[in-house]
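Note that the chains are named A, B, C and D in the order they appear, and that numbering of residues resets to 1 at the start of each chain.
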Amino acid sequence: MLITLRPDADVVAVEAALKGLGLWTTRLRDADGAARGLRVEPHSAPAALATLRALPGVADVWRAPSPHPRVDAQAGAAVPLPGGAPLLVAGPCSVESPEQAHAAAALAAAAGATALRGGAFKPRTSPYAFDGHGRAALGWLRAAADAHDLAVVTEVLGEQHVDAVAAVADVLQVGSRNMQNFALLRAVGAAGKPVLLKRGMAATVEEWLLAGEHLLTAGAGTVVFCERGVRGFDPETRNLLDLGAVALLKHAYRQPVLVDPSHAAGRRDLVVPLAAAALAAGADGVIIEVHPDPGAARSDGPQALDAAALVALTATLEAHR
Amino acid sequence: MLITLRPDADVVAVEAALKGLGLWTTRLRDADGAARGLRVEPHSAPAALATLRALPGVADVWRAPSPHPRVDAQAGAAVPLPGGAPLLVAGPCSVESPEQAHAAAALAAAAGATALRGGAFKPRTSPYAFDGHGRAALGWLRAAADAHDLAVVTEVLGEQHVDAVAAVADVLQVGSRNMQNFALLRAVGAAGKPVLLKRGMAATVEEWLLAGEHLLTAGAGTVVFCERGVRGFDPETRNLLDLGAVALLKHAYRQPVLVDPSHAAGRRDLVVPLAAAALAAGADGVIIEVHPDPGAARSDGPQALDAAALVALTATLEAHR
Amino acid sequence: MLITLRPDADVVAVEAALKGLGLWTTRLRDADGAARGLRVEPHSAPAALATLRALPGVADVWRAPSPHPRVDAQAGAAVPLPGGAPLLVAGPCSVESPEQAHAAAALAAAAGATALRGGAFKPRTSPYAFDGHGRAALGWLRAAADAHDLAVVTEVLGEQHVDAVAAVADVLQVGSRNMQNFALLRAVGAAGKPVLLKRGMAATVEEWLLAGEHLLTAGAGTVVFCERGVRGFDPETRNLLDLGAVALLKHAYRQPVLVDPSHAAGRRDLVVPLAAAALAAGADGVIIEVHPDPGAARSDGPQALDAAALVALTATLEAHR
Amino acid sequence: MLITLRPDADVVAVEAALKGLGLWTTRLRDADGAARGLRVEPHSAPAALATLRALPGVADVWRAPSPHPRVDAQAGAAVPLPGGAPLLVAGPCSVESPEQAHAAAALAAAAGATALRGGAFKPRTSPYAFDGHGRAALGWLRAAADAHDLAVVTEVLGEQHVDAVAAVADVLQVGSRNMQNFALLRAVGAAGKPVLLKRGMAATVEEWLLAGEHLLTAGAGTVVFCERGVRGFDPETRNLLDLGAVALLKHAYRQPVLVDPSHAAGRRDLVVPLAAAALAAGADGVIIEVHPDPGAARSDGPQALDAAALVALTATLEAHR
């Protein structure tokens, strides 16, 4: 964004007015050295165009049109899941058996969840790791959710599974590693259902919004943005949870936002405080890994909450209602 | 940390028990291919050594001693400022005049602050930017604080100013850019006062704790760790606020922690939600840039809160009491 | 890796010997405080196990088995493209027309390339950007390559296009955004051809090698690792070229490695020096965007080299022969 | 930078012309939706202002003045050390004794170095680590250098040591951790000598140039920029060597540049290939840690080169002459 100046503008006064509105600016000078425009830095607070154009000394405001009009159009949308904010989506990393799915659904429901998460298809860094029970697990997940009156959120890993997942899920999840898998975004969007779009490991907010635009262009229902931590450099946490991005998405872009503190921290001891922080930053809810017996989990056991740990989470959510 | 196994250990069972305790492990094998130890990854939940050593199949636990015993010894310490948690430290980026300092102190006190912040010596990326009024400003800051019954937190930029700053400040601040300026840490520590130690732009938590150890070794009072965002890659926020590190410092290391959401976001519109998130993550309080007239500020005006914006902050703090 | 110590070991002497071999270590102590092991940090130089086990005072070396045995087994493999090192793979970002493909192939061949690159299917951050001419472009690319006796390297974006791409390409490319698109890796691997695997935006070297393991497990021919810059924080270069990773892959893992300096820098003025640097670091060759008329390019024109700029590149490659 | 358009401009043609010159641009529109300007992205190739202003359809070019005029004014300066490019500065991490300094100087000289490096004052992450022999070591370093006809480069850690270091050093080094220690920059600059300025762990190129501007403003002789790796996320290399920044500094800013591959990789096995890569990217020389007996080194032994390893380095340097 560029604020152009009238020839007679008092530049210092315009800069002060913009500073007062929360805008960081840099002066641009023409060939003669005259200050002609003020470049607005991207980490500025939003301001109404009419307000800016009405400032004494301002000639006009030049802007690039938003690259994601469909995302902008869903501003103010709610997360398309039952229950009021803050929402809890909970469940195991992997769906391991009908029994485990039922036990996890019972845990989730008891903790106040309105939706069950769980992976039938699992992305795994190693080709030798357990990658889910696939289509069978989709059925177990749906049955467990129905038995406890929960909606289902589950990940699609490949284009050829979109139909199968869409047949059981209320919300289709696209994982971090696929945030810019455009073939998958197109296929998932075409299913016409709401989508939970996790942020890529090093995606800027604009890249993330544009991935949402891909989904909406392809026909998706509401796109819910889910922060789960970006690649950091500190070994004591698994990822670096970016709640500034969450605040930005909610307060500046007014998008539906969930946060996954389980993957962000990778540490069971930090899941509840980070869930509380996410809600305070503006998230509409949290998505949490829970397991009836974390020691027996086939993936992500160390970060899963058990029944005891869920008590603190439930109390946190209650405090935000 | 390494968990060594008895020759007859059921390795899978030991791994399950550790997973149940929140520990991520990797098997280490000896020359004959036998599993002899389980390396514990650094993003594991803390566990009592006695618990680990008592697990069936576990022979011993081998560890590196903590590299920061003095920091560990202050676990549980309170932030050495008046008032109960959550604390509010507020004030202008730069101390610009006696009048501005008084107006800012009045604002801070009205918002519930118990300490006044403000820079007499300012680190500036450019040598041509305003870098503070120096020793004179220290006097203005102290007088303004005294008039409103506030403590003073202010930054020391150079070894030769330690005495002057220590003469007026209740807590000496070491800035991000000086977190590993060991000559300064030694000089500041020798003043024997509490220190607010901001995290370096790309410092790991361990490097930060070790900088605290430098201060304590040199004689500092309580070291308070202050997160202010690390270097990120997204241009829409000025820095990347790492509340996972805050949760870690508070819940795992039990250190006194403040958070500076003003520098983290660099955006006035996100300061209050990020302050709320910081408290939820476990911070003992927040340090906020406020200015009676942000448009007139000589530095950081766009991120400073004015009287109107402070109302929301005060409400947030009240909700946490 | 952990080096265990004999009860009578002179720990300082063992540490000195390891330091002499280029290993960074940390002492681990047992419940009684005795030093029992030396943890080897991952940024250590490689050392023969037999050498380590033969050091006075060393009891054994405990290790995790390599997680990527198939990648390890291709150590020493050449890049499966015609011509000797250093290789040049060159061509346009997008295949725009039969004429453009021919002109680009002529440029590439004249510059010394033995393979033509060019996108028929293009990943685009925005859904509104040109995303390639698809299947038609594959034919144009093959014809242009054949006319100049060049091999073809081109990207596969979706599982449903693997067969079509495999029918024309000598080497299938998996892009950065799909490095952990495991469904695609499986489908591409099943085609049984060599694969050029670009590094993900924030992938560790181990995650990258494991993505190669996914390909090899699925049946791929030689996997060639291609560094193209990771997400950085400096706006003056588009990405941060990690030649340390290139040196590591070549000198420690002995893998076939190409480097893409065009995407790394995003700047035409830096492509040639970074190509030279890549070869010096150990790359087997470079992959470069060229265009007969960069001003007319439908994507990445500003970073494409034209005929004039290719002269310097050719000279650089000659100097390395 | 902003390129403003004439009312009758053919915007597509202007964009094509800029693309042809290597510029990435984004269209800015006024209140009526008309394209009025093209914002130039910072990762564009440099272009002469006169060329841009002469393009059909271009009205003017608006720019922010360079924030570092004194750095710009030293464009084209040579590294102020004896000998021609490529330069080798070599020596131990710490100066440990007169004997070690002499042996290291002999090694360095034999390898073709014209300057000896070595720390008398050492920054150490832990307060319990060896931090150098201080003033005594300065004398040992000078004597060893003189005996082998070498210049001396050594680090200043604190303001109070500037005079002592300036008395023996030909070039004063400011370390990464102090790149934005403005009190030290001022004191070091005031000594009026050339300065080797290492890049901060997460400093942008502009912040680094501005730190150089601080030095020059304070009176420094030539400022030499030294890249030594930024904070990365991969544990197999100690830091992430940014040769894109080196190419940028040399080819776009025309500054004197050295590279320190020893700290970048932290791995002895990668020092020589990364030194070669640095020279190919445009560096004027390299600064390397060497030690007569790395196993006995009191700091950084695992990354130091010994006599045998130096042979390959010398050959690399010869190839660049």
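Simple rule for what comes next: a residue touches a chain if its C-beta (ideal position, glycine included) is under 8 Å from a C-beta of that chain, and two chains touch if they have at least 3 such contacts.
Since the structure is predicted, the reported quantities are computational estimates derived from the model, not experimental observations.
Sort the other chains by how far their Cα centres are from that of subunit A and give me the top one.
The most remote chain is D.
Averaging only over C-alpha atoms, locate the centres of subunit B and subunit D and give their separation in whole Å.
The computed centroid separation for subunit B versus subunit D comes out at 30 Å.
Return the distance between the CA-based centres of subunit A and subunit B, expressed in whole Å.
26
Which integer distance in Å separates the CA centroid of subunit B from that of subunit C?
Roughly 39 Å, centre to centre.
Listing for subunit A: what residues touch at least two other chains?
202, 230-233, 235
Can you tell me, using the touch rule above, whether these chains form a line, ring, star, complete graph or other shape?
Chain contacts: complete, every pair touches.
Across the complex, what residues on subunit A touch subunit C?
Per the stated touch rule, the residues are 67, 123-128, 131, 157-161, 177-184, 200-203, 207, 210, 213-214, 217-218, 230-231.
In the complex formed with subunit A, which residues of subunit B make contact?
16-20, 22-24, 41-46, 202, 204-206, 229-230, 232-245, 247-248, 250-252, 264-270, 273-274, 276-282, 293-297, 301-303
In their shared complex, at which residues does subunit D touch subunit A?
It is residues 1-2, 26-31, 36-37, 39, 49, 53, 60-65, 231-233, 235 of subunit D that touch subunit A.
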